[in-house]
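Next come the structures, one after another.
The same subunit A turns up in both complexes below, where it pairs with subunit B and then with subunit C.
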Partner chain A sequence: MSRRPSAVSRRRFLQSTALGAAAAAGVLHAPAVLRAQGPAIKVGVLHPVSGALSYSGQQGRMGAQLAIDEINAAGGIKSMSGAKIEAVLGDAQSTPDGGNAEVEKMNGAGVAAIVGGYASGICLAASQTAARYDLPYIVDVGVVDSIVSRGLKNTFRFGPGFGVIAKTAIDSLVTINEQASKAAKTLMIVHEDSAFGSGLAKLLNTQLPERGFQVLETIPHPTPTRDFNNVVLKIKAQNPDLVIPANYYNEYVLLARTMQQQKVRPKGIYSVLGGAASSYKFVKEFPEAAQFIMDCNHWFDPKNPKALALKKQIEAKGEFYTYEVYMNYSCVLLLADAIERAASADRAKIIAALESSTFAGHVMPYGPTKFVNGQNQGAAPANTQVIGNDIQVIFPAAFASAKPVFPMPPV
Partner chain B sequence: MWSPVILVPAILNGLMTGAVYALIALGLTLIYGVLHIINFAHGALLTAAMFAAFFAHQWLGIDPYLAAVGLTPLFFLLGYGLQRFVIGPAAHGEDRNILLVTLGLAVVTENALLYVFRADTRTINLPYAFDTIEIGTAFLAVPRVIAFAVVIAVALALWLIMRFTDTGKAIRAVAKEKFGAELCGIDVAHIYAVTFGLGTACLAIAACLLLPTYYVNPTAGNAFVLIAFTIVVLGGMGSVSGALAGGLFVGVVESLSGLYLGESLGQIGIFVMFILVLLFRPSGLFGERT
Partner chain C sequence: MPILAVVGLLAAVPLITSSNVTLNFMVMALLIALVGQGWNLLGGFGGQYSFGHAAFFGTGAYVTAILQMRYGVNAWLGFVIGVAAGALFGAITGLLSFRSGLKGSYFALITLAFAEVLRIVASVTPITGAGVGTLVILDLRPEAFQFQSRAPFYWIILALVGVSLVLTRMIEHSRFGAYLVAVRENEDAARALGVDATMIKLGAMTVSAAMTAAGGCFYTQYFLFIDANIAYGPWISIEALLAPIIGGIGTVFGPLLGALLVKTLGELAKLVTGGAPGLDLVIYGGVLVAVVAFAPRGMAGIFVDLRRLLRKAQERGDG
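So, the complex of A and B:
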């Protein structure tokens, strides 16, 4: 008997709490209405901020948030009476499944579009899931080419894919070598053994011999690898003119340090999407090991004042200006431009606006923006080289800030 | 490929790497031998020690080798406290509970480190990190030679402690016959905690030896622990000299199989060895027959 009244009172309690919550929500919404501003536009910001890729994910999220803050501070989306952009943050936990789950959540939260993914595997899965809801998805990095060749209407990639990067890398290498009167004839490839490194090594192994290089040996290694002494011993024994590493940050740094330690100094170290080769962190921490290393990678336009201002802003926070930052920054600006022109948070209208985008307000060294089947045709990597305590762009000529130093001068 | 120009440095490198493996395995085998539990928090504690050594250098400018002098007693106390006030009481005398508690500790420690320090990979650039000693055709990195020497010294010290001090004798007594030791007036809870402390102190030393040539991030320790488990089994559970010999052995096997089978397959050598030992000498290569 004594239970009954308590059950009733609990129900009453719940009712009153619900009413209270509704009232509170109403009060909280009121100021937004008073400011005569459109309702906020929700945008999904998806990155692997935990797990193996968390550093890259956190950097990417930072870039996206900076762009959102900037747009909101400048008055939001003007064609929608100054509507603010509201980030719906998601953590893909460094797995494709994690990415999928977040897309579902974001769709439930009513986002207008999603930006991010970082790793190819996450981008592939997350964009596919987003396609089910006709949800526009802008890939921030993901370089695997199948991301944009599946015929998904909703998926856009602003940056370059694997094929373009590899082709540019080989073309630039041939040019650099010819300028140095063909100093390099032999080379060795050191790559990590997952899809990224192995795929690249395969590509290089078929294309480089056609361009007059002899591949002496291709050495795969797992991630993580604790010790590179054996790899360096093999390099030492074969003595190639060029070493081409394709691996992630930690292994790249260990390899470069071990080469320095074992006094192995080829004529050049040339990377394609090298994990640390064009990283300010690496240059700052190991200036000697990093010296004269060349890379073909995502890079910002060193002649764009906006890119340099962003660099200052990031460095003032004590963070490193990595490619994840400016690529996500550019992708969010691209999306905001599309929403501005669509004058709507409607998903189909945003997709149409992205398809016809000629957005130029980004910070990348790209050609004119034009999407064909979701791929930006203007996207291209840049060649960089560590010279002194800085990273200089050496190719393409239109964006270059220095001439390549090759072969490496003796110590 | 078989020329001594490559073979000799590869073996020497294997010994250097193996020494650090051995030290990490020493801590693990000690805890296993006495408490009869597998300490899943070993990797996370190693990572924590590496962060401690890193920040000792970053904030206080203390060289990692010097930091070892302070960090070793500190981590001994940490390990002692963990066993005495967390793992012991939470276990309620059940071994499988201990397993879960250490697993929980590992998850908590790793994620706390991730939360505080983010996933950033950190390295120290020391002036002597690139110095080498030339032995024949081999260039041996100075920090690795130092690590090798320190590990041998630590293993010797540990062996002496276990052999000749009262605490060492008590530890061995508890390991052999817990109930009997308790009847003789040995405080088992205290001995458990001391053992756990010694194991954790080994990690602090290992962390300080690793840092000049390696990096630290919130999952850095895990790369070593699977190897350490293998060494513990190879060397015979709970055996100090077994862990040392096993560590050096695994280092050389890894180095040579990496050289001849490729780095991707380098670890296969270790695990093939591991399976063979489990099949034919379950008490370990260097363990006493039970």
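So, the complex of A and C:
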């Protein structure tokens, strides 16, 4: 215990030097930073940075912090005389009650709003706790539709929910299949068994048969799962034309690699919110396993220069430009815009500003933001495919950078 | 008497602090104490080590949630039915396993299997909301067992812990408790003396399941969201046995002591490590290993040892 004070002072020292560096950078770009500043506005940044979802959580935290640094370097919140945004970091430990405890702490610390959550379960619990304090909560990813259908006034989701994602995914799949003269007729779904994977599997199971596909089998698995041999053996036995995985990063990679090892090669792997299918990390580390995998997922606007600049910035740090990064980055910018217009850190005023938001300065292909009952109406996923060593957008046509390769060519 | 003193002391916590962080922390610690007390009754006093108390926790949690959301049952009534359902489920699993003569590691495995089967079933059946889970609508009215402030929740869980303490103390001093300990120490000898071991174990399992189910019901009301991994996941089975083992297995105050210690440890580790993700869990694990290695009979055991040492020192002084 006697070592505590020195530890704190070291951290303070680091913080102050970092601030100093940020301020110096700010001076170079915008001398306005030297004006008198309002007190810092605290913003809760909540992610599962430890536990089963730690990789995604850390990516999300990085995206949020980058946005905060950028806002502060550009002179903070101008309507509040350049007040800086101060991140209050929280670790949800990959569990809903972990997220809940962090929201309590953030509320105690006097945050003006919270961004994050990542997993649906965490978002559900955390936003509900935030609702007790009328604390604005911006969901970064959490796709379960009940997050915004509960009638919580404080909860806003910037990204798309299941309903929209499943519909887009199925529409695109039908189009791709028709272009390949209906090469695929049968399919199997492999999904993780929490809110996200099961909810999606349920939707796919009801909608795919209506569109002429036969679902041979649906295989749930928990997160984490560390062995997919049995699952892949089942796929091998059923020999479907398509495999549809819906799971988080680690499980997705493992599934794809196990399929590669056991030489299971369906006509296509088409994932919906596949944790790794549109991840540069996966493509770089396992290019062969990733080849030709298609995905319907959150994706940045490839024609937006800001999105590409952010990509360069992330890659220069040796990190991967994953959807957690740019979605959190966008959510923080969205919040900052609301605080700017509210000209106040008052929670009710921020909620009102979010409700009327038309924010378009984000990096997603959503167009101007418009919330109806907390859901951003323009939010939609994109279809991607791993072709060569890159990830190309194949749908929607407005953003497409390549034509889909389907069925997969033989090795 | 000590129970009254401890509960009274703890009841004053919300009067001292208005910090919801502290209250939330205490609520979680007391919840673990309650669930741990359930485990302790069967495992500590009865010697039947269960690895699957999640089965009872989850049953309580789901029954309350489903009754409220699907059948519009009042939350308080749902709570009572949830506890009853947990007890019933405990009696059924107890009957199945004890009548088949499952003991020791076999009993532990069968309880684990029950919990896992329920977890998988709950993650696919529509009535539990399958993998999406069940969400209880936010409705901040005392009639709906939801409160604006954390303090009423705290008092309720404290009251539940208080009841569990009194119940455990009563059982400890009753004939039933004596039989239970006899079964733990030597089941064959107990049988030879005319103790109906199966019935005794069954009784203990039912009460144990009811306590744990009460914890589950409370969890639902507090967090308003459960899914298969929360309700039937291994985390709660582990918490349920960790608290009494750390605190002192087979003692009345063991689970409460253990839960407070384990949770405080977790929070302290988080404070010390600050921003480094996951490091707190490493420290937490390390300290747990140390506690188990140096205090195999838990915290309560340390107190007993200390008292004995003091007495010895006194005797030596007298001599």
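Throughout what follows, the second predicted complex is superposed on the first by the 370 of 411 C-alpha atoms of A that agree within 3 Å, B and C clash if a C-alpha of one lies under 4 Å from a C-alpha of the other, contacts with A are read in each partner's own complex, and residues count from 1 in each chain.
Simple rule for what comes next: a residue touches a chain if its C-beta (ideal position, glycine included) is under 8 Å from a C-beta of that chain, and two chains touch if they have at least 3 such contacts.
Quantities reported herein were computed from a predicted structural model and do not represent experimental measurements.
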{"item": "Joint occupancy of subunit A by subunit B and subunit C, clash or fit", "value": "clash"}
{"item": "Touched partner set for A:146, first subunit B, second subunit C, both or neither", "value": "second"}
{"item": "Which superposed partner A:62 touches (first subunit B, second subunit C, both, neither)", "value": "neither"}
{"item": "Which of subunit B and subunit C A:105 touches, first, second, both or neither", "value": "second"}
{"item": "First, second, both or neither for A:97, with subunit B first and subunit C second", "value": "second"}
{"item": "Partner chain(s) touched by A:334 [first = subunit B, second = subunit C, both, neither]", "value": "neither"}
{"item": "Touched partner set for A:197, first subunit B, second subunit C, both or neither", "value": "second"}
{"item": "First, second, both or neither for A:119, with subunit B first and subunit C second", "value": "neither"}
{"item": "Contacts of A:128 with subunit B and subunit C, given as first, second, both or neither", "value": "second"}
{"item": "First, second, both or neither for A:261, with subunit B first and subunit C second", "value": "first"}
{"item": "In the superposition, subunit B vs subunit C on subunit A residues touched", "value": "C"}
{"item": "Candidates 95-103, 149-157 or 239-247 of subunit B: the single one with C-alpha clashes against subunit C", "value": "95-103"}
{"item": "Footprint overlap on subunit A, comparing subunit B with subunit C", "value": "50, 54, 57-58, 193, 220, 222"}
{"item": "Complex interface listing, subunit C residues touching subunit A", "value": "19-21, 24-25, 28, 123-124, 130-133, 135, 137-138, 140, 148, 223-225, 227-230, 235, 270, 272, 274-275, 277-278, 280-281"}
{"item": "List of subunit A residues in touch with subunit B within their complex", "value": "50, 52, 54-55, 57-58, 193, 219-222, 224-227, 229-231, 233-234, 237, 249-250, 253-254, 257, 260-263, 285-286, 288"}
{"item": "Residues on subunit B engaged by subunit A in the complex (per definition of touch)", "value": "1, 3, 5-6, 9-10, 13, 17, 114, 118-121, 123, 125, 129-130, 132, 139, 141, 213-215, 217, 219, 223-224, 255, 258-259, 262-264, 266-267"}
{"item": "Complex contact set, residues of subunit A against subunit C", "value": "4, 7, 11, 49-51, 54, 57-58, 89, 91, 93, 95-97, 100-101, 104-105, 107-108, 121, 124-125, 128, 131-132, 144, 146, 150, 152, 193-199, 201-202, 220, 222"}
